[in-house]
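Please see the structure below; I have some questions.
As written, the chain order gives the labels A, B and C, with residue 1 at the start of each chain.
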Amino acid sequence: MDKILAKKSLTQWLKKLDGYDIYAPFPQDDTWNYDLVTDPAKVSLDYLNTAQAPKKIIFPQREVFLEFARTEDGAPQMTETLPDPAPFIVLGVRPCDAKALTQHDMVFAGEYTDPYYWARRDKSVLVGLGCATPPSPNCFCPTVDGSPHSKQGLDILLTDMGANYYVEALTKKGEKLLGAAKTLFKPPTPKDKQTKEKVVKDAAKKIQRQIKNLAEVPPKLKGMFESELWDQEAMSCLRCGICTYLCPTCHCFDISDEVKNAGAVQGERVRTWDTCQFPDFTMHSSGHNPRSDKASRLRQRIFHKFQYFVENHKTYQCTGCGRCISLCPVGIDIIEVLNKVIDHA
Amino acid sequence: MNGTQKATKSDNPFLPEPARIVRTYPLTEDVNFFQIRIADMEKALGFSYQTGQFAMMTVLGAGEAPFSISSTPSRPGLLEFCIRKAGTVTNALFNLKENDLVGLRGPYGTGFPVDKMQGKDIIIVMGGLGAAPLRSVLLYCLDNRDQFGRVILLHGAKRPAEMLFLEEQLELKGRDDLECHLTVDSDDTGQWTEGTGVVTTLFPKLEGIDPENTFGLVCGPPIMYKFVLQEFLKLDIPKDQILMTLERRMKCGVGKCGHCAIDYIYTCLDGPVFSYWDVIHMRELI
Amino acid sequence: MSDNNKLKIGIYELTGCAGDALLILDCEMELLDIFNAVDIQSFLMAKSDNIDGDLDVALVEGSVSTEREIEELKDIRKRSSIVVAFGLCATVGGIQARFSEEEWTQNLKEVYGDTEMTHTKAVHSKPIDAYINVDFYLPGCPVGKDQFLNFFTRVVQGAPPESYPVPVCVTCKYNENDCLLNKGIPCLGPLTADGCGSVCPNHDVPCYGCWGPAEGANLTSEYHLLQEKGFDIEAIKKRMSNYSGSKFQEFFEQFKNKESK
């Protein structure tokens, strides 16, 4: 279903969306981050990209799996705490971040499905905003089979046409949102469609960075396990973890018990984000660590994203958002690393 | 695709099942034996697993950790574990007594391919805590003795006091359908009657090995693999018949958290039992 | 264990400001629970009837700066099952240990001249693990309240305390802060052990490293990064050595050698 929405009608539309929590990007200091909307009038989609990917709304940083307490007769009790959120909308999702969520979907399904993830995911409606201009000087989504107006993972895609948005409802969930404010949405004219096509075409040309032959990387990596490239690249790594925490596709987590008091056992089992870039990620209780040095961990990140995930899910575990490149304090650049892999003998 | 999976309450793979400690006693200075029974009797009897699989054991307040199952599925009802005191969860486990409740999730992982091993000779090489998972397959073979050819046990430990299941295995030596060789690096008791030397010194005792029809199973500390695998190769045992069960740091046990990911597999889903072929191709395995 | 099965705890202070010991008393809401859960045998700041006998856990604050303290420390080690380096001074030596042996000797002469010390002799200040085996480290200047309570809860339950083998950057990311280094502010987060909850970066103040060095911190990289960004390198060296006690000494030695060439 295709429609046109005037940009100045955005607030009105949001006001009509009863029964949904809405998350939108808001400015925070020099950057933008997703937050719950309390006043629809304050929402503006005039932004580049958020520092933190919207994955944190569906796959939160910290999530309680179960609560436990010791009862009077001494037997510990466990109470499952499955989330039951109200349906929620994430507004202004860039296509790269939405594509990343489809990759999370692959990970959290499979032989064992993760009920905590799906309890939120099933209630989510993603309204994407196409990128008329690249949000970051380090964007490279076309290289990894994406595009500035990709529809993967989205329920609605908005294309910025200046004074209006070209609205495409891609799923039933998306159509329902449009139905909440029918009068605000007009059918597109042939000229609208032309303009939209032009915006989409131009946007694809504006992407600055690309890797010419990414398809060469997975097979090449197979032979580069022992290469010195990893030692060289990892030398300046400060081990701050920014690359993995801000990455929209990274999904590794830790599970631990947090006890609340010193007497009787009472507490929560929580899941928190974790990163393969720290030494204790693979530390055995015996003290043996298969990835004890930084080079092997950097290698793991590259291999996991561009070889292992490809073998399992037939897609690169990277959507080209460029956050890791822009925000690494020492400038470790994943595009440079991949180019070096391709140029490797 | 937009989130169409639905999980019902009982499908939560992260929720542990309450289980009771039936028996616990020390095996060595830092390893205790635990016999666990799932609290719900029906579930306890219905819990089916394969030799070599593992379970995630929870001590509420301390956390969860993976442990190989040391009992054999041919004796259902009770699950047995050998646990070394090494970290938060294990320390908390050692403070528990009989009848205390723990939590159990599982069984997870791949087991030993006993159907492929039918009718073949089995060499089991245990070192240190490697005895824990291999005891499962050893007892399984003995319980189903007619399904296997020769069953040979080679077990090495640092000292007699550190050999797991020493008494049990000394008793097994009495069986004439099991070739059982034990050895320690050094004997500090003066009463050790078995062999001395590292476990590879036991290999020359093996005679008449028919490599095509033999499976070599090994589990032990990382350093041991290199040498034992060499011995297996010297015997010309085919590479896909050399099996090992490997340790890895695990958190979720169901292939999501990424901790045990090696190459394109997850140790908790596609392991912990691997063949020599896997080890050659996946270089971070050990 | 004492008769009523409570763990015997002793809290000792060597050379330091006593801020860590004071922090225990600062846990006003939990104080009664703490005193009920264990049997505190010795705590000079809070008790007058102190018994210095066998202990299950000894919390030692402060660095070692006199010969008398060396003896006291060794005695504590002998009679305690577990010794915890409590606070930054005990863990890495604190500010007083940031000087090299030469600098320390010079400072001593400057301050005390030729005065003879009668009751003990001063030694180059060092963290407690320079003299004894330490079981656990709880860094912080002072230790964080939450971190201390977590640690205490674990100890009482007989489980090993949580370790923080990661730098401050982890918590800083969780708290959705903008990386100050990327904004051109000299933050020592990547070099500093986590546990404080990234309190300073949460308020746009760069990390000063008061939790001490993180395991495996990449000093060279941070140093070059700060140099590239044009910071006064002498000021940076001072800042890096402030809370790192004796741990970054080796790193700075290499500069001395280069500069003297």
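Observations
Everything that follows uses one rule, which is that contacts are C-beta pairs under 8 Å (C-beta built on N, C-alpha and C of every residue); 3 or more make two chains touch, one makes a residue touch a chain.
Predicted model only: the values in this text are computed from it and were never measured.
Compare each chain's C-alpha centroid with the centroid of every protein C-alpha atom shown, and the nearest one belongs to A. Placing every chain at the mean of its C-alpha atoms, the farthest one from chain C is found to be B. Centre-to-centre separation between chain A and chain B, using Cα means, comes to 38 Å.
The multi-chain contact residues of chain B, meaning those touching 2 or more other chains, are 61-62, 87.
Counting partners per residue, chain C has 154, 157 as the residues that reach two or more other chains. Chain A has residues 259, 265 in contact with two or more other chains.
By the touch rule above, chain B contacts chain C in their complex via residues 61-62, 87-88, 91-92, 95. Taken in their complex, chain A has these residues touching chain B: 65-66, 68, 70, 75-76, 78, 80, 82, 102, 105, 107-116, 118-119, 121-122, 124, 126, 153, 155, 171, 173, 225, 251-257, 259, 265, 267, 269, 274, 276, 281-286, 288, 290-291, 296, 300, 303-304, 307-309, 311-312. Chain contact summary for the complex, chain A toward chain C: residues 28-31, 33, 51-52, 61-62, 235-242, 245-246, 259, 261-263, 265, 273, 275, 278-280, 294, 326-327, 329-330.
Contacts from chain C toward chain A in the complex involve residues 30, 33-34, 37, 149, 152-154, 156-157, 163, 165-167, 169-170, 173-174, 176, 178-179, 181-183, 189-190, 204, 214-218, 220-222, 224-225. In the complex of the two chains, the chain B residues touching chain A come out as 1-9, 11-16, 18, 60-65, 84, 86-87, 90, 101, 103, 221-222, 247-249, 251-252, 254-259, 261-264, 269, 283-286.
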